[in-house]
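Both complexes below contain subunit A, partnered by subunit B and then by subunit C.
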Partner chain A sequence: MSLASYTARRIALGLVQVLAVVTLVFLLVQALPGDAAVALAGDNPDPARIAQIRAAMGLDRPAPERFVEWLVGLPRLDFGVSLVSGRPVADFLSGGIGPTLVLAALTLVLLVPISVLVGVLAALREGSLLDRALTSISVALHSIPEFALAVVLIAVFGVQLAWLPPTAVGADLFAQPAVLVLPLVVLLARPICSISRLVRAGMVDALASDYVRHARRLGIGETRVRFAHALPNALAPAVQQVARTTDWLLGGVIVVEAVFVIPGLGTVLVDAVAARDLPVIQGLAVVFAVTTVAVNLLADLVAFRLAPRAEVVA
Partner chain B sequence: MSLNRRGFLGLTGLTVVTLAGCGTPTGPAAAPRTGGRLRAAFAGGGAKEVLDPHLANLFVEAARSKAMFDKLADLGNDVSPQPRLAEKWEPNADLTRWRITLRQAKFHDGRPVRAQDVLASYARILDPNRAFRAKSSLALIDLPNSRAVDDRTVEFALKRPFSEFPNALAAFGAYIVPEGAEDFAKPVGSGAFSFVSFEPGRSVLLKRNPDYWEGAPLLDELEFVIANEESARTNALLGGQVEYAHDLTPTTARSHASGDRMAIHRSPNSAVQAFAMKLDRPPFDNRDLREALFLLADRPQLVESVLAGSGQVGNDLFGKDYQHYAGDIPQRQRDLDKAKFLIRKAGAEGLVVKLDTSTAAAGMVEAATVFADQAKGSGLTIEVVQGNKDSYWADTLKNGSLSSFRSGAMPIETHIAQRLLKGAGTNVTKWNRPEFDALYEKAVSTSDQGAREAAYREMQQVLHAEGGYLMWGFADWIVGAKPNVGGISTAPANTLDWARFDKVWLG
Partner chain C sequence: MKRAGIGGLLIAVPLALALLGPLFVPEQQTRSAPFMPLGLLGTDFVGRDAWYQVLAGGQTVVLVALIATAFSYLAGVPYGVLAATTRLRLVDEVLMRPLDVLLAVPSLLVLILVAAIAGQGLPVLIGVVTLVNFPDVARLSRAAALEISGRPALEAMRMQGESWWQTSIVYTGRSMLRTLAADVGVRLTAALYLVASASFLGVGVPPDAADWAVMVDRNRGGLFLQPLTVVVPALLIVALSVGLNLVFDRALRKVRT
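Let's look at the complex of A and B:
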């Protein structure tokens, strides 16, 4: 099978997966207690008023009918209209995707070079003081949950020392890039550890492998052996982890968004679920499912280019 | 040791001197001054956020609506109606027709506020195909028979005599919008601030309305920003990113009350904290058991632990110190022996009662847990059950027999009408007494002040003795601000002066 037909098959499979995710999300939201009318009525749950809200939202029509109607619009990229505010779902998605993309892109731009550099350094000096120091720091950082790190960083650098803004409240992320520093540190902390560990392990394996020994016997320069022959193979397992991290970032890291007040996709999701705003939740499910499928496909293709294996093409 | 101690004392002295030195010029004691932009952080609701004042539901929406729009009346510090866009109101003798004279006010686009705008706003709220929050309060207006006498006089016809009609004019969300307004992308109101820009889920920017009928605000600009987490609002305030942080917890207030980075403003009597017993089903259809629960509650302990002391004890009656409140009914105290006796008398010894609660409002789960602990040793076991927060109020209206309850400020008459009459929409305690309904009818249909007060007192007496609400406390509403922000009122939440920014200044 060629790379092109492999890609086509994966995309077709991806479409089925997206559809399955959206259906599952619809069923799960139906299973939650209360609907959008109940959530909106809040502490004033007069049954007569809830019935009126339900009618005004069109929730008095059968759920499958509303779902099918929403699905029909999907191929035209019509995500429907928010039940609660009446604004198009596309507005919510485009509003939330900006901050999420900025954070994800900046995190990846910093993450990949730093973690590869750290991993390679540790592998080349395997067993040295540097290797052990990097390992200890990685393991320690990796064991701190995001919210805990965020709270400590805000308390120290945001509030006590006042070096950096503690939150991004009301800020334009491009006009005031300082608000992104602390969130980026929090988002980078754990992925740097996991990816640099994978790069290190891959590099250590590669440097000890037969083909590297063979390359050295052929008299190829050490730098070329390390970076042209060993490194690409060492990166292949890390690519999968970068893909998982990308997926995690594009889903909107809810904890980081909440603590730093960044109105990304995670915040949109939390608000939509609390409001039982089904069209918005479904729109988000499509976005998340599409990014997961796309990122994983891309990662598989990149991994294949880095270290071609027979079974992918066969 | 002694060296360290001396050093410590010296340092403290220095800090006090420094504080005193820099506190004076920027302190709130400085006289009101104009100018500047105040940024106020509120919790928001993302998808739910709208600028249509009739759809207002969240605190941030209420505060924004109040800045841009006016009602005919609004609630004063004692939660009684005060004239706003209405200059005065005059009922006829049988309280079925009310003549309202409007103030000379202008919308932000320069058009005058006319009687037609008032009628159109109310018609929009009362539209049978829509579900605005103020609808139930305004439902007694007979709109087809109401009319604009002239541009500044409206005559409302009511479906029944109603002495508390001004309460309806002050109802949550009963704002006056220009006739025909439907698109609120760029809202036009008559309020102290006019619209500049809106980014849903992020911020709303408003500017001073120099022609405001009550005098132009002191601030040049007012920006509402959204931060859902209380810790984020606190951090943004401490980090100088906002000057005002709405709705902080008692714990935050306690830890920053003595510091110099944040001023704490408390609005007493803002949110009643309670447990609701349902009278239409066992076990609380038994009056003795209800009284036993009243006597089991250790109110000072609940206020101290759940509200971290930021509140006052309640006496099982709504609206402490509000207009018509029966403050002379003696305060109930914990009496474990009498409670045990009543539980035995009701044959409820060994009974396990489920107490439904959720995180739908701050402190409810904690209060339920503390109360369950206070009931230990009484013969009755209270088992705390935590439910889904998003559907909590609708769930507990129908199900269970005992649940956590909380309510913001509203007139006592509104509380009774919405929650304690036969057929009331949110009658969570299922209180249903024809003689009580008759007392209410008497209170709202008489123009005799003395008879009205007597009826209110009698209703509260019976509720105190055998009602279904165990109202154990009133929480302060807590707002944090930069120490240089002046003019923040401590009126109860939901009243006119709460979250009101036209009287606020930056020192």
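Let's look at the complex of A and C:
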């Protein structure tokens, strides 16, 4: 299959996925007990008042009608209006996206070189003390919940040693990079482990393969064999794993933002769920779904480009 | 060998606390002011003795993770096998395609949304963690069953007129056991991760519950006064997940070699 036709197929699948997720989220949100009208009516819910608020917000119209209207607005980045504050949902999203994007981008920028380096180092010294140490550490750290790791790190480095700020309350992320150190360490801990293990496994396989043996027989230098021939093939599965970790990253970002008090999308989501602010929840779900699907799409294409022979599962 | 020893030790401490701890919590507890240096670890955010909270708080995390893992296998394995063994390709597609969608949604987002809809409570938490783990189990069992159903042995059995029970359940089931067993560790640690993270975010359990993850969340305000009330439950969760990973990884290596 050529790259073009593969891309076309993959994009079609991605669109279907986004649409399905968006529909699912709308249905789920419809099922939330007690809508915003009830929440707005306050402690003393008066049915007449609730009905009045509902009518004012258009909540009394049938769900399919609202769904179509909402769906049509999406391509124009019109996510509707927050039920609680009346501000456009897009405002919430653009307000929260900055810190989240900074965290996610920095994590990815650090993640890829570190995990490839660790994986390659372990593979080139397969069976050595270094390899075994790296493998043990990555196995051990692999599934520690972010909040537990974060709290332990805060207690040690933020409180006991007072080297780093324990939270990011009121701090400007760019003016004080120190507040980002602990969140980044927490976010990186899990993905580095899983990706470096994959790179290591892929590299070990590639170095033992026929084509590498053939390249060596041809007299191609060891450095070139390792990094021009073996590494790209070893990276293909790892690239797809990087995409899978965006799922973790989003989940981790929600937790990390809560622990370190960073006003990003995760915080917006938790607040919106607490306030039953349906349009904001829907908007966030769309953003998360589109991001996940787009990153997966990109990763599959890169993997396809790196190792075209490999069967890439759509 | 050494690694299994460390892993075993790391599991043993939190597990013993989780399962036996509730027996040692006295019926009558005195409350004092929040974050006072009383007792072994000090007092928590509402003035309860944090050590007794630690003793009582492991049970939910461990049990919910175990039950949810068991449920996701109970649902996922038959689902995957059904998709793999059906003669109609359409049925296979109808069964498996929705899972792709489910996998495209970040798991904590699913968790937060469903918990917001269904309300609080341990059954909800078990249900959501099962739901999040289920697509992976179903995919794995489908792949395993598909590989097995193409084997010559199974074709021979079919030609000999063995019953559906013999071919699909007894033979396929037994052959899948190894693949599934190798995966249990991954699923269990994933369930533990989700349960703990959900409780931390206040999803699924009441805010004053005796639960390690809830303790970490609630006692964070006293990090400067009584750091142990936060660090001890956090370290127990860390020890449990690290230990589980080390032990299962070790067991996996043994099976492979």
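The rule is simple: the second predicted complex is superposed on the first by the 274 of 314 C-alpha atoms of A that agree within 3 Å, B and C clash if a C-alpha of one lies under 4 Å from a C-alpha of the other, contacts with A are read in each partner's own complex, and residues count from 1 in each chain.
To be clear about the criterion, contacts are C-beta pairs under 8 Å (C-beta built on N, C-alpha and C of every residue); 3 or more make two chains touch, one makes a residue touch a chain.
Treat the numbers as computed from the prediction; the structure is a model and nothing was measured.
Once the two complexes are overlaid on the shared chain, A:Leu184 sits clear of subunit B and of subunit C alike.
Contact with both subunit B and subunit C is seen for A:Ile154 once the two complexes are overlaid on the shared chain. Once the two complexes are overlaid on the shared chain, A:Phe260 sits against subunit B while remaining clear of subunit C. Legend: residue contacts after superposition of the two complexes on their common chain; A:Ala140 is shown touching subunit C, with no touch to subunit B. Shared-chain residue A:Ser85: touches subunit B; no touch with subunit C. When the two complexes are overlaid on their common chain A, residue A:Leu24 makes contact with subunit C while staying clear of subunit B. Contacts of A:Leu121 after superposition: neither subunit B nor subunit C is touched. By the touch criterion defined above, A:Leu71 lies against neither subunit B nor subunit C after alignment on the C-alpha atoms of chain A. Once the two complexes are overlaid on the shared chain, A:Val280 sits against subunit B while remaining clear of subunit C. In the three-chain superposition model, subunit A touches both subunit B and subunit C at residues 32-33, 151, 154, 159, 166, 258-259, 270, 276.
The touching residues of subunit B, when paired with subunit A in their complex, are 39, 41, 44-50, 57, 129-131, 133, 135-136, 199-203, 223, 225-229, 231-233, 235-236, 238-242, 360-361, 387-391, 393-395, 397, 406-407, 418, 425-426.
Residue ranges on subunit A touching subunit B, taken from their complex, read 32-34, 38-50, 52-53, 55-56, 82, 84-85, 87, 91-92, 95, 151, 154, 158-159, 162, 165-167, 169-171, 258-261, 263, 267-268, 270-272, 274-277, 280.
Interface residues of subunit A facing subunit C in the complex, by the touch rule stated above, are 17, 20-21, 24-25, 28-29, 31-33, 136, 139-149, 151-152, 154-155, 159-160, 166, 247, 250-251, 254-255, 258-259, 269-270, 273, 276, 281, 285, 288-289, 292-293, 296. Residue ranges on subunit C touching subunit A, taken from their complex, read 3, 98, 100-101, 104-109, 112-114, 116-117, 119, 189-190, 192-193, 196-197, 200-201, 213, 216-217, 220, 223-224, 227, 230-231, 234-235, 237-238, 241-242, 244-246, 249.
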